[in-house]
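In the two assemblies presented below, chain A is common to both, partnered first by chain B and then by chain C.
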Partner chain A sequence: MSAAIRALGAGAIRIAEEVGGIVVLTGQVLRALVPPRIDWRELVKNLHKMGNRSVPIVVLTAFFAGGLMTLQSGPFVKKLGATSLAGWAAGYAVLREIGPILIALMFSGRVGANNTAELATMTVTEQLDGLRALAIDPVRFLVVPRVIAMMIMLVALTVIGDLVALLGASVVGRALLEIDWSTMYFSFADNLKPYDFLHGIYKSVAFGGAIAMSSCYFGVTVRGGAVGVGKAVNAAVVAAAVSIMLLDFFITYLSG
Partner chain B sequence: MTAALRFTDVHKRYGRREVLAGISLELAPGGRLGLIGPAAVGKSVICKLACGLEAPDRGMIEVLANHVVGKRESELGALRRRIGMLFQNYALFDFLTVANNVAFPLEQRGGMTAEEIEAKVAERLRAVGLAGSEHKLTAELSGGMKKRVGIARATVADAEIVIYDEPTAGLDPVTTQKIYDLLAADQARTGATVLAVSSDVVALAQFVDEIAFLYRGRIIYRGDAKTIADAPDPIVRQFVRGELTGPLEAA
Partner chain C sequence: MSFVRTRIETVGGAVVDASRAVVELWQVYIGTLAGVVRGGGRRGELWRQLHAIGNKSLLFIVVTLGFIGMVMTYEACLQLARVTGDFSQVGSQYLRLIVSDFGPTLTGLMLATRVGAGIAAEIGSMKVTEQIDALRMSGVLPIDYLIVPRFLASLVMTLMLTVLGGAVMYGAGGLTAQYSFGVNPSLFFDLALIRPRHVILMCVKAVAYGAAIPVVSGFCGLRARGSSEGVGWATTAAVIGSSFSVIILDFVISATALFLTGGDL
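Moving on to the complex of A and B:
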């Protein structure tokens, strides 16, 4: 019993330390932005690496996610003779929830994990100390461009993913449920509001920040060699997934 | 005269293990000091403390008339630009090419044109025998080549203090001699103060003026490099001669 309580306490302390560490790192990133002295070369490199190379996987995932929404709701709306709502049902779910969450989780698994592994390897091979020895702040040089790139690129990928998901919903509606293109189009246009789209974008900004900060934090605080790098990647992906779910809940709850 | 590097009663502990138990060390400007001792005794820690990359638990560290202890990262920047450091594990930036690694300190300091930087980098790479490897990534290099890139980067900016942590580890005897000749020529040209950590005591003794022996958290011996093999302390003597029996074994 006492061992269980000890383990629970140790776990709580570890989580508190990690959350505190992420908050401190966030403060350092914000401080590094005033005045904004960004290494543009690093930023552009990261924008390309994190964004462009993620497009194919996001397009594939979003297309089928949109199609799935129509596949799930289609039979019911057809049964009820409300095919004009098929697009709305798929679009509403995609723009407000499925799109931002799914793309954020994909992004975390692909870009966040890669970022943690990269920073963690640099940490264990003393490259961060090498930067400090040359009077270069690793947060300003390595972390800030990555955080900015991840936040910008997740929003951009979410916009692309939203559009592709709506296309996927339409294609599946036409191909499998015989809902014609114009019905889907007007279902989107008449029922979806700009706020539905913006709601998802707000979320992707927050998710991007959470993925960026957790992946960078676990990367720069890693201890040990290859085993430590593996643990850091694991911890970063788990922390990002939990953060995404919590943020999603609270943003939805607070903004309606 | 003010010392270029001064440690006064410096303590450093990692967990329960006290690595440095009151180190006091002084190095005059332009001096060359070698630091030796058994593995994991804290030699690299001393190098990092001198750069302000680690903070001591207690004691005072003065580098080029600047107190290092208690300073924030942003306050140490100006001092670090006056120090060159070769890390034991190279610490090369794997996102840069060989040439960009060597050019990095010069680019960050500013004040030089791209052509001047290019010429300086080419000269350094020639000196360490890596001409022609400019465009390689560090992942494509052998350990010895990485070490030489690290030396080129540590010396490219003509720093006032240069710290070499195992400058010749993993290099063959001929390359080791070449590297020490290069370091000696560099030091003669710039007049830099040098702190060098090495396990290759024989080669190190050719390069430095004095050698200090670190053991159990303390400097137990410091003396002329040329006569280190005949040091009065039996622990130092055994270590330098590589004898299997003696007080080191008993410890």
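Moving on to the complex of A and C:
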């Protein structure tokens, strides 16, 4: 019994420690942005590595996600004979929820995990201490460009992904459920408002920040060799997934 | 000309690497199934993995699926309030969607993140510290010893967590509908639209994801090279590979089910 309580307490303390660490690191990043002295070469390199290289996986994910939404809503609207609503259901779900969430989860796996692995390797091989010895602030040099790059690129990838997902919804509707292209197009155009799209974009800004902060935090605080690096990556993707779901809830609830 | 040649060589190299990876993944999969048939793996390890994959994911699954359940109901009710204002169908339609798609798939995606990364990190660390070679040298098949128990544990626990996650999603949705939109719980918790085929679909999806996640992540872990950097790469690849296989499997299984039931799912 006392062992169970001890385990529970240890878990709670660990979570509090991690949340606190992430908040402190966020504070340091914000502090480094005033005045904005950014390492532009590092930023451009990260933008390319995190954004351009993630396009294929995001496009594939978004295409299937859009298709799945039509697969789920299609039979229902066909049964009611209201195929003009197919685009409404699929498009609304894609733009506001499924698109931003799935793209953020894939981004967290592809970019966040990769970033944690890279920073963690640098940490365990004492490269961060090397930077400090040269009087270079690791937060300013390594963390800030990565955070900015991830936030910009997740938004850009969500814009692309939303478009591809709507295309996927139309293709699946045409191929599997015999809903015409034009029916689908007008269904999107009549029922979706610019705000639905913007709502997803707000979310992806927040998700980008959460993924960036958790992946950098677990990267720079890693301990102990190869085993530690694996554990850090694992912890980073789990923290990112939980914060994506929590942020999604609060943003939806607050902005309506 | 050399520019074109470099490009062709890059694409060709990628294709060769990808096809080699597919063959290796297939070998790991067959090896795992053969190991299960042979009864490989140890009993104690299986219990340990059931605990590590199932019990330790419990809080994670409850929190993530609970929140997404609230969001989904909130968004659906918001739309309905604008269009018809008729909430009588929300609960039963929502349950149909949870059972046939969102329950298993979102649980699968979350487990791909947590369990997939964990398996790859563990096996990858063993690979780069040469413990896998030590296993081979002492005449133990690494797949039997490492992947088979995780495979069996993941099959059982993904199904369990899918049922739990779906229930949490539904419950959280019901509470949101009641407190934000005044939907009567007895109207929301309505099982009328659920048919046996939905439950079968849920089980098929959960088992498919449960089988895919440990095999893909174990394969990524076994491919780890180098030192700490290699483990990081393997873990990243496992998260991407297993999340992506969940999405693809979902699409394939949903489309097949739609085809088999003649569009009346």
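As a convention for this text, the second predicted complex is superposed on the first by the 256 of 256 C-alpha atoms of A that agree within 3 Å, B and C clash if a C-alpha of one lies under 4 Å from a C-alpha of the other, contacts with A are read in each partner's own complex, and residues count from 1 in each chain.
Just so it is clear, a contact is a pair of C-beta atoms (placed from the backbone, for glycine too) under 8 Å apart; a residue touches a chain by one contact, two chains touch by 3 or more.
Small disclaimer: the values here were computed from a predicted structure and weren't measured.
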Exercise for the section: Give one of first, second, both or neither to describe whether A:Thr26 is in contact with chain B, with chain C, with both, or with none. Expected result: neither
Exercise for the section: Have a look at where A:Ser84 lands relative to chain B and chain C in the superposition and call it first, second, both or neither. Expected result: neither
Problem - First, second, both or neither for A:Ile57, with chain B first and chain C second - result: second
Practice task
Tell me which partner A:Asp137 touches in the superposition: chain B (first), chain C (second), both or neither.
Solution key: first
Handout entry: First, second, both or neither for A:Gln72, with chain B first and chain C second
Key = second
Practice task
Examine A:Thr125 and indicate which partner it touches, taking first as chain B and second as chain C; both and neither are also allowed.
Solution key: both
Practice task
Of the two partners chain B and chain C, indicate the one touching more residues belonging to chain A.
Solution key: C
Fill in the blank from the handout: Intersected contact list for chain A, partners chain B and chain C 121, 125
Completion exercise
Seen from chain A, its contact residues with chain B in the complex are 121-122, 125-127, 129-137
Practice task
Note which residues of chain B are touching chain A in the complex, please.
Solution key: 48, 51, 53, 73-74, 76-78, 80-81, 83, 85, 87, 89-94, 104-105, 108
Completion exercise
Within the complex, chain C is touched by chain A residues 57, 60-61, 64-65, 67-68, 71-72, 75-76, 78-79, 92-93, 96-97, 101-102, 105-106, 108-110, 113-114, 116-118, 120-121, 124-125, 176-177, 225-231, 233-234, 237-238, 241-242, 245-246, 248-249, 252-253, 256
Problem - Footprint of chain A on chain C - complex, ascending - result: 60, 63-64, 67-68, 70-72, 74-75, 78-79, 93, 97, 100-101, 109-110, 113-114, 117-118, 120-122, 124-125, 128-129, 227-236, 239-240, 243-244, 247-248, 250-251, 254-255, 258-259, 263-265
